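What follows is a pair of complexes built around chain A, which joins chain B in one and chain C in the other.
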Partner chain A sequence: MLDTNIRPSTPRRLLFLYEILALILLFIYQKDNLDQYIIGIGIGLILLVHISNYLLLKISKGDNYIFLIATMLMSIGLIMIYRIDSQAGVRQLMWLALGIFFFYISYFLVRYLKGLNRLIYIYIGLAYFLFILTFLLGKRTYGAINWIRVFGVSFQPAEITKLILIFILASFYYQYENFKEMKYSSYILMAIAYSFIGLLFLQRDLGMAVIFYAIFLAIQFIYEEDRKLILLNIGLAVLGAIIAYQAFSHVRIRVATWIDPWQYIDDKGYQITQSLFAIAEGGFFGKGLGLGHPHFIPLAYNDFIFSAICEELGVFTGMGIIMLFLLLVYRGFKIALGQSNLFYRILALGISTLFGVQSFIILGGVLKVIPLTGITLPFVAYGGTSILSSFIALGILQAASEDFEWRMSDD
Partner chain B sequence: MFNILSLLFKYIFIIIIYMFIFSIIRLIYLDIKGMNNTALGGAYLKLVNRKDSIPFKINEYYSIGEGLTLGRRGDNDIVIKDPYVSKDHFQIVKDEDEYFLEDLNSANGTYLNGERIQDVVPLKDGDRIRVGNIDFLFVNKGM
Partner chain C sequence: MTSENRRIILVLSAFCILFVGLVGYLSYFQVFKAEAVKNNSYNKRLWINEENVLRGSIMDRNGNVLAYSEKDGETNKRYYKYGNLYSHIIGYSYREYGKAGLELEYNNVLLDISESAALNELKNLVLPSSVGNNLKLTIDHSTQEKARSLLNGRKGSIVLMNPKTGEIYAMVSLPDFNVANLNENWKEITENPDSPLLNRATQGLYTPGSIFKMVTTLGVLESFSLDLEYNCVGSTVIDGYKLTDYNERAHGKLNLHDAFVKSCNPYFAEKAVVMGKDKFGEVAERFMINKKIHFDLPVKTSQFPYKGNVEETEIAASGIGQGRVVVTPLNMAMMASAIANEGEMVKPILVKEIIDKDGRILKVMDTEVISTVTGPSVANTIKDMMVDTVKAGTGTNARIRNVTVAGKTGTAENPSGKSHSWFVGFAPAEAPRLAIAVVLEEAGVTGGQGAAPIARDLFIHGLNNIDFEEEY
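Up next is the complex of A and B:
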């Protein structure tokens, strides 16, 4: 069955069909109080997805599945966000357009800028600068200081810092032979990574701290020659988790509401129970788009979009989303294996880990598999900086999927 | 009216999403199957074009071994059903650890690094062989 010929354009057509049908349905749903946005958002979405996919096919000789998967995820997300709140849907479309623009920018920068692998000190400085900026200008939302407002736009610096961390690790292990001559260089790198994680803890951004830690550990596990360090790291992580649990009350609350949210249903556990109710309400095939009650879910188009999708479009769609993420991560590792340049290979590896861990943390959180931490589902959830950083990461991955050494010999 | 449509559409959405996933898995599967023979080592031809931009069956890699032939007819080592390709288009032969490219009087010619070849020419690592719209890279790391 897998052997039969298949046209490469088939997934694109299915994506188009999905978008058209969903938009027609939303059009009928809103026919009593039709606003001017629906036409705009429909045309905008379809043009955005298909022009960018077509362009990429012309420009890039690399992988052509990752962007397709990302656009499918973003279509599912956008239609759901628009159905919950049409204003947010319009804003999300603008963020997506900007995100795709940044996708191309980061793609071209990574592809054509040489010497990205020698800027390790600049990356480290930039990361600390963003942290300091967060502490100086940050405001507290949902218990975490991770937002700053610049020119009226809310902005989450840690979303950018996580990409910088990948660049730091990639340039460090790219020049590993040089750094090995420096004494304790691996320990210094570790201290830097731990300082990032500690700062995130102070900001109470637990989800992001876990992402940073996972990326650091994954790349160190693969490339570090001093194997003791890895054991040390795992030991420190366990120790850190215990200390954090003892020292910070907000960590204890997260764990308590994870173990038994029903006990705190009127207060702290409310988010998780509403999420579970919504998923159970949907069943395998869902209530149908527009027939569920996503307004009962707190932060329905943000952290809990997965529950809202499960309620209206069914657990099968939810499993589909998980499969799309699996495919995305699989392609990312495949790209890393095929890339002969070490720097770009580590970048691809770090970004695949990022997508995998980030989607696991939030999906696990809303499904009550692991304690809930507030991070966004890449490409699906509403959120400006998160969309931008996901698309920038995707652009880097796209650039890394190309054969660099072959291009250099060609030019 | 809306309710019935919505109930109907939710099944259609699930079917479309799964068909999308399935078609991507199938494309990836074909992709992986096409590169299985790279592990053979020795000299090989690598397709430069994006594989799915070519509307007929083609592999990403062809191991050369002791030599190979390319053409439209079925008994060639590389069969390309492109009307631009002649029935027997070119051949690569190995002679004492060197590879030579020879055009078999094809109608549209064979191009090596942009120049149409007239006679038998030796191949070196990194050469580009062009037939119609299809570009191959000759890779021979063993030399």
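Up next is the complex of A and C:
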């Protein structure tokens, strides 16, 4: 479906070259006290990336760039995480392997399960169930209650709920003609989306609330026929933002440290200023892998991984990451434009918007372009559920990039 | 195109704008903001080298150590031997208060940090716990001490330099502060209304008063059609605004030479107007007024706003160094130097050599001509006027037996109501070795009374004590 003139192995070889060079740098950096894991990490990463890419080429006739982009991003992320903390690097490699496993699972499920477009009520129920679960079992970290522990594993339900939201929207607009007969159905959909956003606010997960809102707004903007609803949506968001600013002190703090973090450098502005120091120190070409001071940045392999990358690998690498995300979003939208089945088209749009908004919020946050909210950079940052959820989303996008017309004739 | 596809592309375009905007901002941040962000004293990276590297020493031109570091157990301690004397030259380096002066400007040299991070890392592998480079200044310690004692606690500044090489022998600014115990008096220093942190020599902008007539004089000499004769009646009216002489004393008939020696205000005010603002401004800019002066310490740019719609009275006032003209003492010392050096203005130098820990000289600062103000013959004409000013004019208090001094006094009116007392000049006039600018801020006395004797005493001390390396 998506034809290209370069052979698919060419970009994979370039990626291989990048990984080898970065791993050699890591090796040199460690040469005085070699870590026992370095060989394992190196071989593990290369095998994982190349086997999964090769397999995908055999299995899927769809887009063969989005997975490549994701593996490039995760390679940069893993190398940086490993450089900061080798134990975390080993765990991240395991998460990535599990993530890719989940990628294939979600890919096959979306591709072969029929009737996914008719389960809207189940999706809605599941979403509320996950929210209730969070409130019942939630743990408070950094002021937000968004983690629960299941079988000894920390787990952030909203990472799954955001995918469910996309399925709800896709099912709704897929059956738009039917729902239109129901009175105020679009209003009800909006009420449900806003209830999610409100619940996220109560959990103090501001970044996630913005992601939910952006996905909803994008899909509504493209498919809603009642255009005044879109204005209403934007108006409500502005009103909501003002109310949130007045009502919640933690929102006001975010805004204040965004406008002038230097004033609060000792406490509230500490994180963002440390991030800016790192980016400024890096310059265009970076200090070099292992030659910077990522340990000065709080949450360096999590929320602030981008700053740590800019310090050691340079702002040019940072720009590269930004452009990779833009490419990913672009491929996602291209997939949507080429997909003839409406349900899968909306899935592709929702997931592309998710990747775009999530990466923009955290990149803009650590650069102090927008207020900082703690969410992870997809594929790059360390994090269990975040990695899994990103790969699941990518699996759905991969499936959506294929031709579903044959299924229509089968039905 | 269907409306659905159109909207999809709209959303995609929005993402493109957002992401390209991020790349743009990242470049903007890196090019314009990163430098200031990096130097914030909260940036721990600034201090990490401090722990591994013993900061280099700073010494005067004769090798007297002025500041040095020593290992004190695990940490390195910085010692400033002469508390107040070098507060604006050497400055300070404290974790709590950041860095200032040469400690800031030459931080990388003192810590032996090269521009390339990779090279540093390599160096740390080869020579762990290294020692930084030393700075040898152009300052002459005894002259610096003399200069500070001559100001005798009065607000003001002195810059003493070599007019031919640009070496600064002494540079003081009062009030100053004790860099050796900042911890004890930081609050007092920052709250003092006389701003002791300000280096008045390079950052103080003062109304120059009559010393600015050196600029006006050059303009007059270059305007061939100008009538050099004038009848002074003690005041003049330009555009309805009356300009008077000091004490409204009428000088009678005089030419340019006499007007300069007697510092006749109406003469220069009128000639400035006749010369025209563009000519006047162009001459001033050759003296580096309105131009950035590159120096080892940050320098404020002297200002003479003459472009655009400037009124005639404003130009007349500028002709005698009043109005909106403001200058730094360093710039005025350079102005005197340019006349002493046959019209060539040299770059001022404060750091003479960079020397590594083994005594090898890494870098020597060379003399560099930054502006050709005029040719030798015109410069000598102005020099003669300056010699006569000291011999028999307003600057007689700067006279030295056996040494010909050239100079110009200035008494600058300013909003405080008490005039600044100025003297600029050089000595010996035949073969200048020292050029000077002295300003006593809000002294309330004339340049001849206040600043000229200080210049005389410092010339005597300098000529007897400084080890001039050049051959004359």
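Note that the second predicted complex is superposed on the first by the 398 of 411 C-alpha atoms of A that agree within 3 Å, B and C clash if a C-alpha of one lies under 4 Å from a C-alpha of the other, contacts with A are read in each partner's own complex, and residues count from 1 in each chain.
Everything that follows uses one rule, which is that a contact is a pair of C-beta atoms (placed from the backbone, for glycine too) under 8 Å apart; a residue touches a chain by one contact, two chains touch by 3 or more.
What you see is a predicted model; the values in this text were computed from it and never measured.
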item: Which superposed partner A:M72 touches (first chain B, second chain C, both, neither); value: first
item: Partner chain(s) touched by A:L313 [first = chain B, second = chain C, both, neither]; value: first
item: First (chain B), second (chain C), both or neither touched by A:L25; value: first
item: Partner chain in contact with A:F325 - chain B first, chain C second, else both or neither; value: second
item: Which superposed partner A:N64 touches (first chain B, second chain C, both, neither); value: first
item: First, second, both or neither for A:P11, with chain B first and chain C second; value: first
item: Touched partner set for A:L291, first chain B, second chain C, both or neither; value: both
item: Which superposed partner A:I265 touches (first chain B, second chain C, both, neither); value: second
item: First, second, both or neither for A:I279, with chain B first and chain C second; value: second
item: Footprint overlap on chain A, comparing chain B with chain C; value: 287-288, 291, 323, 330
item: Chain A - residues contacting chain B, complex; value: 2-3, 5-6, 8, 10-11, 14-15, 17-18, 21-22, 25, 28-29, 57, 61, 64-65, 68-69, 72, 76, 285-291, 312-314, 316-317, 320, 323-324, 327, 330-331, 406, 409
item: Sites on chain B touched by chain A in the complex; value: 1-3, 5-7, 9-14, 16-21, 23-30, 50, 52-53, 57, 126, 137
item: Residue numbers on chain C that touch chain A, as the complex places them; value: 4-5, 7-12, 15-16, 18-23, 25-27, 29-30, 33-35, 37-38, 40, 42-45, 48, 117-118, 120-121
item: Sites on chain A touched by chain C in the complex; value: 218, 221-223, 262, 265, 273, 276-277, 279-281, 283-284, 287-288, 291-293, 296, 315, 318-319, 322-323, 325-326, 329-330, 333, 336-337, 349, 353, 356, 360, 363-364, 367, 369
